[in-house]
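The two complexes that follow have chain A in common; it is paired with chain B in the first and with chain C in the second.
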Partner chain A sequence: MIVCVAVVGHQNNPLYIQSFTDADDALKLHHIVHCSLDVIEERVNNPKKSGTTLNEAFLGLLYPTVNYKVYGYLTNTKVKFILVTTDLDVRDTDVRSFFRKFHAAYVDAVSNPFHVPGKKITSRTFAQTVSNIVGSYGLN
Partner chain B sequence: MIGVGKMKQYSNVLDKPLSKGKQEVSLTAFAFLFSELVQYNQTQVDNIAELERRLEDAGYAVGSRVLELLCNREKGNRRETRLLGILSFVHSTVWKVLFGKVADSLEKGTEHEDEYMISEKELLVNRFISIPKDMGTFNCGAFVAGIVKGVLDNAGFPAVVTAHFVPIEGQQRPRTTILIKFADEVLKREARLSQ
Partner chain C sequence: MGREVAESCVDTMLMEMVAMYSGRFYANKPELAARRIEAIGYQVGHQLSERYTMERPRFSDHLEAIKFICKDFWSEVFKKQIDNLKTNHRGTFVLQDNKFRWLSRVSIDPSSENETEDPSTPGESKAAQAVSMYLYFPCGIIRGVLSNLGIPCAVSADISSLPTCSFVIRVKA
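After this line comes the complex of A and B, so read on.
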């Protein structure tokens, strides 16, 4: 199941982070998200080494831990989307599809003229949409 | 997109085609709104440079959102990392979505390596605007320059973008050129990627 999703700004400032677990492991998930930023940096700066296409938005599996798999997505505006899941046999196509919907929801949120780019996303509609997307994947 | 033509009128709602067709905004409505934007900003400033800066700021906010929207909708989830790629994206995709057509021309500056120009015979925002003599070189295209700057900055290609009038022989109205001057870091990165 999806246990955490996060949106991180181009200066690595957290714009939105949401956990989807009952347990009190939010801090651990925040730490996992934080660690994934270094991996994204490495992927983007050294595309030859990492084997990712230079201009591919979907960064694929960033790193697996014992209990989690962390996936990344980088938009044109250098905003990073991070997904943490407990499913260890997730298909790439499902994750791509999730990120596409997540990106669309993010675009809707930042298109609000009262949203200040680079500031935290406080939109309740966005939070609800993200919850719906997570729920619709049956991974939650 | 700001529409250039009139939308077909249907007497009966049942005659309307199901497909949405082009999503266009009335040009007259846009011209009125833009006129109000310019007039409002005029009351807030003391000089032309400040007025252009305020219009550019308004455009910047549009540009940053347009980039995010179009990359999600049009680009097949690919990030633009090359200079010519982002310029052609602005010249074609962005222009088409905003103004209903591709920009008239995209040229490289002859004097400086870091300069590029997008030229328009008649920029849409300037269509119903004539500048008073006392306002000198003021160009409402600063709004479009702001949009371009918003797209480029947020895509990781920081640049100084300005709008200029270029007189054409035998024509009453000058053409508008959006001059893009990229930061050094962009050119260095481009050289590195070209290797």
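After this line comes the complex of A and C, so read on.
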């Protein structure tokens, strides 16, 4: 199950962060997202060490913890997408397609002329789309 | 898929935008009008770059980003590629379009040139100045795309003979 997704801007400013659990662990999940930013930075600055192919947007598994797996995605415009899931056997292709849909939703949200670049995404349509995407992956 | 806009609508909008800003809002301050139009272009470029760079790997250097503008971005927006790209490898790029779409229907009234006897007419430079107002919008678009890709720069345009047009990009170190 996907428990948390986040969009982080190019100056590491949070643009959107949403957890999908009933338990009161939002703070813990935000902490995990926060930690993963360092891992992304490390990946991008030392591309040879990581297994990902040249400059691909999808960064793969950032780090596993006991209960969670954290995946990252970095766009051309230096916007980071982070996904925290509790499933321990996830297929890379599923995560890839999740990020692709998530990215498309993000692009639609920032193309709104009333959205101010660099500010948090407040669009309700975006929130709805994201929770639909997350819901569709929770069933698998 | 993406929705399209009729080309004549875009042309009309550009004409109207220039007319509004340089004729009504800032009639006495062409500098300010140019800056405002450039700022609109910046926002448009900023948002377009987000969409058009979606399915591609990240750019590793400036040249790759500029090439993206010349090929893919230009094809998306103007249905053709940039005809000539020059660079001094020190952060200056010149993009030349031999038939820039937004200027392809602009012509300079020949009668106004004949009226004035002086060969270095103010009429001609006035016409060039009027045309240059239409280029602040595309300049802003280019700047918006590049700064969203993490390349701060200044963009200016240069018209030698219509409808040829070159854009000069100076990357800020």
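Methods note: the second predicted complex is superposed on the first by the 138 of 140 C-alpha atoms of A that agree within 3 Å, B and C clash if a C-alpha of one lies under 4 Å from a C-alpha of the other, contacts with A are read in each partner's own complex, and residues count from 1 in each chain.
Definition applied: a residue touches a chain if its C-beta (ideal position, glycine included) is under 8 Å from a C-beta of that chain, and two chains touch if they have at least 3 such contacts.
On a predicted model such as this, the values are computed, not experimentally measured, just so you know.
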| item | value |
| --- | --- |
| Joint occupancy of chain A by chain B and chain C, clash or fit | clash |
| Which superposed partner A:93 touches (first chain B, second chain C, both, neither) | neither |
| First, second, both or neither for A:103, with chain B first and chain C second | both |
| Touching partner for A:45 - first (chain B), second (chain C), both, neither | neither |
| Which of chain B and chain C A:11 touches, first, second, both or neither | neither |
| Touching partner for A:111 - first (chain B), second (chain C), both, neither | both |
| Touching partner for A:77 - first (chain B), second (chain C), both, neither | both |
| Chain B/chain C common contact set on chain A | 54-57, 74-78, 103-104, 106-107, 110-111, 113, 117 |
| For the chain A and chain B complex, residues of the former touching the latter | 54-58, 74-78, 100, 103-104, 106-107, 110-111, 113, 117 |
| Residue ranges of chain C in contact with chain A within the complex | 43, 46-47, 49-51, 53-54, 56-60, 148-150 |
| Chain C partner contacts - residues on chain A that touch it in the complex | 10, 54-57, 74-78, 103-104, 106-107, 110-111, 113, 117 |
| Residues of chain B touching chain A in the complex | 61, 64-65, 67-69, 71-72, 75, 77-81, 154-156 |
